[in-house]
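We call the chains A, B, C and D, going by the order they appear; numbering starts again at 1 in every chain.
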Amino acid sequence: MASLTAEARGVFVISVTPFREDGSLDLDSLDRVTDFYLEAGADGLTILGMMGEAPKLTQAESLLVIDRVIARAQGKPVVVGVSAPGLAALAELGQEAMARGAAGVMVAPPMSLRTDAQILTYYRQACGFLGADVPVVLQDFPLATTVQISDDLLGRLIDDLPQIVMLKHEDWPGLAKISRLRAAEAKGRRRISVLCGNGGVFLPEEVARGADGAMTGFGFPEMLVQVTELASKGEMDRAQDLFDAYLPLVRYEQQPGVGLAVRKHVLAKRGAIACDAQRQPGAVLDPLARAEVDRLLDRQTKRLKELG
Amino acid sequence: MASLTAEARGVFVISVTPFREDGSLDLDSLDRVTDFYLEAGADGLTILGMMGEAPKLTQAESLLVIDRVIARAQGKPVVVGVSAPGLAALAELGQEAMARGAAGVMVAPPMSLRTDAQILTYYRQACGFLGADVPVVLQDFPLATTVQISDDLLGRLIDDLPQIVMLKHEDWPGLAKISRLRAAEAKGRRRISVLCGNGGVFLPEEVARGADGAMTGFGFPEMLVQVTELASKGEMDRAQDLFDAYLPLVRYEQQPGVGLAVRKHVLAKRGAIACDAQRQPGAVLDPLARAEVDRLLDRQTKRLKELG
Amino acid sequence: MASLTAEARGVFVISVTPFREDGSLDLDSLDRVTDFYLEAGADGLTILGMMGEAPKLTQAESLLVIDRVIARAQGKPVVVGVSAPGLAALAELGQEAMARGAAGVMVAPPMSLRTDAQILTYYRQACGFLGADVPVVLQDFPLATTVQISDDLLGRLIDDLPQIVMLKHEDWPGLAKISRLRAAEAKGRRRISVLCGNGGVFLPEEVARGADGAMTGFGFPEMLVQVTELASKGEMDRAQDLFDAYLPLVRYEQQPGVGLAVRKHVLAKRGAIACDAQRQPGAVLDPLARAEVDRLLDRQTKRLKELG
Amino acid sequence: MASLTAEARGVFVISVTPFREDGSLDLDSLDRVTDFYLEAGADGLTILGMMGEAPKLTQAESLLVIDRVIARAQGKPVVVGVSAPGLAALAELGQEAMARGAAGVMVAPPMSLRTDAQILTYYRQACGFLGADVPVVLQDFPLATTVQISDDLLGRLIDDLPQIVMLKHEDWPGLAKISRLRAAEAKGRRRISVLCGNGGVFLPEEVARGADGAMTGFGFPEMLVQVTELASKGEMDRAQDLFDAYLPLVRYEQQPGVGLAVRKHVLAKRGAIACDAQRQPGAVLDPLARAEVDRLLDRQTKRLKELG
């Protein structure tokens, strides 16, 4: 499989990891959801991310998931989340993933980092442990990590570490950050790929400001694909019409914790996975929430019909 | 003015504090925006909250704002934010506010608190400093304060401190928390008023789950009023139709930091305040963001017309 | 009174604020403890710091303390802690303090700051609000504030803001930071005064590495004075002999929270204040802790006699 | 090897992990330092703790270290640190360690936990994943984890989870917490073993208040053994005399980050390990710090001679 480069664009869906009711890995569903994402138009996949329940997998299971998804991905690039507090574990999984055909790895900063200098040092070390030939996606997600990366620091990371080829952008608020990044590149800084997270809740504006697409999950990944396409072509009204139809659900699915339960419920309902169970520990969708989601789904179907 | 009680319901708008371009307090605009909120159907007002730029006011200015809004509020209840790291400053402002006719005070926990025991102790002390006759709104906003209040702790606070009459609910995710609070009350716990924050981004579901309304700000406070009314009467589809029309802007205005700039821009555009300036330090709306907001406003107007 | 400059050196004692058992300010004891500090050899005083229970004072009481200490300080420089989350309150108190004769103000960063850029912006704004003629002591105390200031950022703050004349150094570990600061100055950066905090627990090494003295509190401020003097003259063995005799108590008094109770207990025992009470909320010394402190005091007396 | 029980007492030394200059594991030095600890009088060992550079080891290396130390420990109990953000990884290592003869495992709470309910749930899940027959040491170290465990929560953890047999106590301030724990046990709560950390900086007082000893590291582990023994027998003056002689170094070695460099420097100097290198990333002892430590070592030798 080709390595991830700074030219990557489109939608890399953050894949769920399907489990059976008893908590065991459901590899058939993993195949099915991989197909489902690709049929929705995904340009790549990202596995073992936060929403992939990675910390609940043993090392052996992680390798199983990597192998299975890469084999099924029809040559599309697969990015593997390898964030870990220890650099040895991070490098071990990262190198293993690359050896098995991953296109690159994704690294979020550990919660203990504070100063710009600490963050810079951490990424230098992580890149050093991984090896210079491993493409890295920098996950910038302060809401989850508590680590804040300023424009200035982001620039130093890009300057110092050529193997960082992509930003998974989910700072919030983050629109101006994209514009400032692209402005710095216009003045000569190396261009990197920017794919946006946060469930796509600002996707039309993000693409209009220069993002290359999305790297996130959603029960309707086709929305991410279509909105990215339309907004990339400057068809902002059509992009936003479509986006708005999904927004009530995007908003609901973006809730931390319970959001994954919503996503798996939707995917199961759509037949993409057999069962919406999460491995313990995981949030459960209470009956009221399930009814709220189902109400939003009905309204969404109706609204999409109105749009034609 | 009557004191705030646990029976309070409807919409308490979190008021902005208007400034002139030069950073001086604009008291005429404060009158105007007070009228604007009441004309939109507000049942009460909340001033000197986080979105009211309270920490940028001197003590003398704070008292000026309190007097001006209470005088203009046509007898509607005015809640005053008094959060401060020091209990002496908190009590000083709180007692002063009550003496000038406030209906109650709002207290968010300081960022330094961690354990349930620390949080409980803090509210006991704050209530002790304020005096038992001062009605307190507990602001539960972990995203801003980093302080997390569990169901269990919330119950202990309500049991221990009868002067806590209202929860400003902005935990996220927070829908199940409302349901669990109401369930505990159904089993005998003292009922308190629950008004929701977070820019109203879950308002239809929150009211359906038993919230009494909203305590938040938005450039179109009439939406908060109408959605609360419709959802309270069980007209969920009409509530949600209306809500969905505003949701793209709600989402945009809910961004931390830049959100207040959006709100003031909208309020200035609608004539509710003379100038959208924030006192320093404050976020500024770059031209791109301004264009994004204006695009959303146009789409919103169009969508509202479609709905009739 | 002369303004604080970057040439300041010696020991600025962080003063306690004495209260009576009923929680009222004890101004006679404030006079007495001021005399006590000066008799111990203090070169200056710092009031309304974290250990001065500043957040428990009303604004009026803060001004009372400022006036009283400045009047009693025999012309020695008095630094006033003005840290506050809101810049308006910070500037209000700071300007008032300067007008009443303070030598400078001390500003710790609020807990909400994270990135280098945020911290730099905050100090620029704080200095702007205070006015360029107000000398500022930068309090670098990550253990209490959670804000970490790297060498690089410290250099930018010093370069950008000439009114920062002193570092209250209490990063931990922090010895190498002093050496790196002095090394940067040797290469041409503006020299600032460095006074060390943390109860003096590394004072001999800190002075040997180039610190100008201490700005901290301790029940035996004469130790801070003597150790600073001896270490400044290079008499490291005598400095350390003396220091070691006090170290068991330094260690005990350095505990967060309960440390202030220890300090007030010692000061009351030595007659420097009438009563060891803290205003609520405050830690209380349980009988076991009191016995532990008294045991350490006895051992300390004995050890000092041995040293002669 | 016998399983760890709530009756455990004495000193469990937190073992360093020795590396060669090139960063490779030095298993001969691991044998040597194991012998060194046991000769110093250790009652047990704890490996793969924070100060054992555990996050820098691959999974295979961790198992190597476990096997080697258990084989060398002459039947003394070996506790294995298994803290990890993911429960699957935690349980995988924990069960592997037990199968290889560990006496128990140590679990610190992940930084993301905040409320009492979250912490309780986490330990329930961790214990569930490990299995009820695995003895657990609860590491209570807020300075490193940011997670604060109140007396009340500690009681609930002990009540709910019988497999928690030991508290590694390093809350700070923490003396009163020990007293309150023992008081609760005197009223009927199940007694657990309490071994203290924090480099032993409060060891005399901790043992006097009811701690069963120490679980920490120090370049002179014989001090931990002797002070625990003397203080257990009530010989507080002799305990403290000895302790005070080592305190200047204890203080120096207790610094976060650089402390491990100091410890390895001392251990290498004493011949317990061949090389003081840390695997990257690790703090390095600059020449000034090395000189400071050597000065403290000379003074310590002299002072110990004076004591006879």
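In this section, a residue touches a chain if its C-beta (ideal position, glycine included) is under 8 Å from a C-beta of that chain, and two chains touch if they have at least 3 such contacts.
Remember, it's a predicted structure, so these values are computed and weren't measured experimentally.
Undergrad: Between chain A and chain C, two touching copies, which fits better, same or different residues at the interface, with half of the numbers shared as the threshold?
TA: Here the answer is same, because the shared fraction of interface numbers exceeds one half.
Undergrad: Cα centroid separation between chain C and chain D, in whole Å?
TA: Centres of chain C and chain D (C-alpha means) sit 33 Å apart.
Undergrad: Centroid from C-alpha atoms only, then distance chain A to chain C, rounded to Å. What do you get?
TA: Comparing mean C-alpha positions, chain C is 47 Å from chain A.
Undergrad: Quick one: chain A and chain D, Cα centre-to-centre, how many Å?
TA: 39
Undergrad: Which chain C residues touch at least two other chains?
TA: Residue numbers touching two or more other chains: none in chain C.
Undergrad: If every chain is a node and every touching pair an edge, decide which shape results: line, ring, star, complete or other.
TA: Shape = complete; every chain linked to every other.
Undergrad: Using the touch definition up top, name the residues of chain B that touch chain D in the complex.
TA: For chain B paired with chain D, touching residues are 114-118, 146-153.
Undergrad: Can you list the chain D residues touching chain A in their complex?
TA: 54-59, 61, 84-89, 92, 111-112, 121-122, 125, 128, 280-281
Undergrad: Could you pull out which chain B residues touch chain A in their complex?
TA: By the definition above, chain B touches chain A via 143, 172-173, 175-176, 179, 201-202, 205, 208-209, 236-237, 240, 243-244, 247-248, 251, 255-259, 286, 288-289, 292, 295, 299, 303.
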